[in-house]
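Multiple structures follow.
Consider the two complexes below, in which subunit A is the common component and subunit B and subunit C are the respective partners.
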Partner chain A sequence: MEEEKRQKFRQALRDVKNLPTLPAVVMKLTKMAEDPDVTTEQMGRVISKDHILGAKLLKLVNSAFYGFPQRISSLQSAIILLGFSVIKSLIISASIFEFMEDNDRELWEHSLGCAVVCNVLARRLAVSDPEEISTAGLIHDIGKVAIKMELAQEYREIEAMVHDRGISMREAETEVLGFNHAEVGGWLAKTWNLPSKLVEPVAMHHNPAGAKKEKLAAAIVHVGDIIIRGMGLGHGEDIWVPALAQSAWQLLKLTAADLDEILLEVEEKLWEVKGFSLDIMAEFEAKAD
Partner chain B sequence: MPRILVAGQGALISPEGQVVFEARGYQLIFAHSLHEAVNYVLEDPPDFLITEFGFDGPERKLINAVKACLQKTNMPILLVLPRQVLPAMDWNLFPVDDIILEPASPEVFLARVQLAESRLLRVFDNNPLSRLPGNTSIIRAIQRTLEADATAGVCYLDLDNFKPYNDRYGFTQGDDVILMVARLAVNVVEELARENSFVGHVGGDDFVVIVPEAKVVPVCEKILANFEVVKNMFLSHDDLKAGAYHAKDRQGRETTYGLLSLSIAVVLSRRDKFKHYGEVSAAASQVKHLTKKLDGSNYMIDRRESYKPDTAARQ
Partner chain C sequence: MQKILTAQATEGMVLAREVEAPDGRVLCGKGTVLTSSLILRLQQMDIPSVTVDGHPLEVAGELTIEAELQAIEARSSRVTSTPPLMYIKKKIMERAVAARHA
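Showing the complex of A and B:
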């Protein structure tokens, strides 16, 4: 891998402006924004279920212009500080997939599922701000969307490699680009001035031992990602469940019995996620007909 | 270099016009779709907006996106429109700062922008940190409640133990907390009491919010609830865990301070109760004194039927 090529890829990814999300989510929010009885919280709850809009909201609230650089790590706080009109503008400015593939929807479901698992883990481990960890879980794979949008040709190459050689997406990314989607997500989060509490878990979700300040958060997102993949929610083309980092598992100090309880709790909460996903898709398809 | 967003389907400013602007040190950014224009406003806000009539649809989504939010209320908007639509214009629906009739020469465009820029400097009253209206406007707003028939709640907000917070976290972070209170107060008022309301910044950590009487309780409760959610972002992990911190008070004695909290003292103002805005603020100080004695974030409404200068307020 020549350094020059890698630099070119990096630059392209850092300059990414408006990542697209699912048309169904944007349609639902557009409808909500026009309803005078809808509250900021209700809109916030839907935005908190979308990795792209969630990331965009955090980018806005942490931009120098809105006044809180590197400070706000929770979506709930971001929504309170930005207010209804900015959220409405966010929806008008949202970009959607022109050609949506099953993969895009699956990655969306996976991200949302990961946020749910992270939240269950964080509460169980009694961390000081569980919502922050679920936010990190929600946006952990934004690097994948950025690669797909900005480096379309390389992305096809990666996909073909995953398909033909049966390797993981991460391995293929490293071979083609010289870095993987976790690193890309980390650069984006950093460029967008997100707090290090979010940058590290995103950047290190496949390498939690590499986290410097946010070891526990990185370990939780790492384990959360694996659990949700293991449960088979939204794998996309990337069929391999990532390997568990021993150090992360030890940091969480969980037993097999704990895990049984966690899985039960997660499964219950996933019903809500699946219900939400079915709802918005049905609404979207009804409108499209 | 001041940046001007030119949002329109057509070329509002010709390439020759662009040269005129650039020669004077302005940078022009063009957006041809609504989606693109709103994205600029959100993520890379310009200093001026020039847009054409009809571009953002009957709901005026772009103009409203700029005007409705606190962070951008200072961005001047120039609307370009044909002469024949003038008689039918309802300017209450178009919160723009100036108009330009088409066709207009680049020199006219430039002059209007420069005029808007100098007008901006004349608004002396706004608080430089929060950009909210300052004392002159606050006094006027309170005076208006004394002339109205309907009762209004004049709410005085201020942070408890803000000085020790500043000493501990530094004044830059103290400013962030003030900005946080400004934002969440504006957002709550905008959502729950958009009509007949006002938010002003007295200075430091003091704010005044005015809403109709019926909205006082929901607005105060929502402001305090939102404050409780967001304040943790402005406290260190260790302080949060301890639930308090120790610092020396003004006399140099070791004192325990609670973490950030917000107090709101509310006076119900109407014309048969007070004669002068000074009486409203004096009544508020009495209530504030009582509110401050309580732990944590609280609001208190002065429900006395008349104003008595020297007696303590009762709940």
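Showing the complex of A and C:
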């Protein structure tokens, strides 16, 4: 791979011209978050000015992958409970996944499913911020969306290689582009100024040993992706469960009994996520009527 | 058990899970036999989906249990030397079989 070509692809993805531009509200909220005098109430009001965004956010916040026992009915309490960086990445995902819901339902369901597994794992391991890890799971494949949107021709080439040669998507990506979707996702998350708790797990979900600060978060998203693929919510013709990084597995210290319970819990919660897609379908049908 | 759209529900189906209103109130319990008036009421209340016993609806593209087990086997075929993943595979297969009988 010539360095020049690689740079060109890199630049195209960094510019993300076709990705839905970050809603102006994110910029505004970022500014507000830096101001110590701004209250969460004021931030909630800014979000709810966009009714669709407000409704979408509450729907995401109340979905199975955060697993809050009670319903969160106001944006203000969502900001307090989830923290600003999670809300910010949810606003970003809401706009990016809008594209996915219509164009790549499978990747959307894989992402929702991964968020569920990450949540179950994070709670079992009693990490301090399970919501951030669920969110990292939700956006872990965001690099795939970016490649598909910005480098459509190369994406088709990658898909054809997976189909013809039975290699994994990330192998094909590396061959065609010189980097894979995890790295792309990491760049994007960085561009959006997301915290390293979100950037590292996204960037390192296929190489958790490469995480520097957030080793446990990266390990959880790595294993979450593997488990959800094992359960059949994968993406594309790259059907294979990816290799497990020993270092990540050792970090989680899960026993067979843990795994039994985790799988049950995930299955239970996936019913709710299936409902999430069904809800979307019902909305869609209602619109078509 | 199977999750279906309320619009797909028909009389005589049995609820495998309780139906909750959006505010968390339980509307009808597990084991309730659906009647046409009940289905109508759920639709009027904008309950999008319900979970029922058995597997009453054929979903386009859904696999037979044999094909599903084969698919699980196929996607795990490149990690056969990783014991934890083989354990997970075994468990997923057991759950797949159990789900058809529930």
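We take it that the second predicted complex is superposed on the first by the 200 of 289 C-alpha atoms of A that agree within 3 Å, B and C clash if a C-alpha of one lies under 4 Å from a C-alpha of the other, contacts with A are read in each partner's own complex, and residues count from 1 in each chain.
Assume a contact is a pair of C-beta atoms (placed from the backbone, for glycine too) under 8 Å apart; a residue touches a chain by one contact, two chains touch by 3 or more.
Note that the structure is a prediction, hence the values are computed from the model and not measured.
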Partner chain in contact with A:A152 - subunit B first, subunit C second, else both or neither: neither
First, second, both or neither for A:L81, with subunit B first and subunit C second: first
Touching partner for A:T40 - first (subunit B), second (subunit C), both, neither: first
Contacts of A:L263 with subunit B and subunit C, given as first, second, both or neither: second
Partner chain in contact with A:R71 - subunit B first, subunit C second, else both or neither: both
Touching partner for A:V241 - first (subunit B), second (subunit C), both, neither: second
Which superposed partner A:A160 touches (first subunit B, second subunit C, both, neither): neither
Contacts on subunit A seen with subunit B and repeated with subunit C across the two complexes: 71
Residue numbers on subunit C that touch subunit A, as the complex places them: 3, 5-7, 17, 22-24, 48-49, 51, 68, 71-72, 74-79, 82, 84-85, 87-89, 91-92, 95
Residue ranges of subunit A touching subunit C (in the complex, touch as defined): 70-71, 226-227, 229-232, 234, 239-244, 249, 254, 256, 259-260, 263-264, 267, 271, 274-275, 278-279, 281-282, 285
Sites on subunit B touched by subunit A in the complex: 34-35, 38-39, 41-43, 45, 61, 64-65, 68-71, 176, 179-180, 183-184, 186-187, 190-191, 226, 229-230, 232-234, 237, 240-241
Complex contacts: residues of subunit A adjacent to subunit B: 17-18, 39-40, 59-60, 63, 65-68, 71-74, 76-77, 80-86, 88-90, 92-93, 95, 128-129
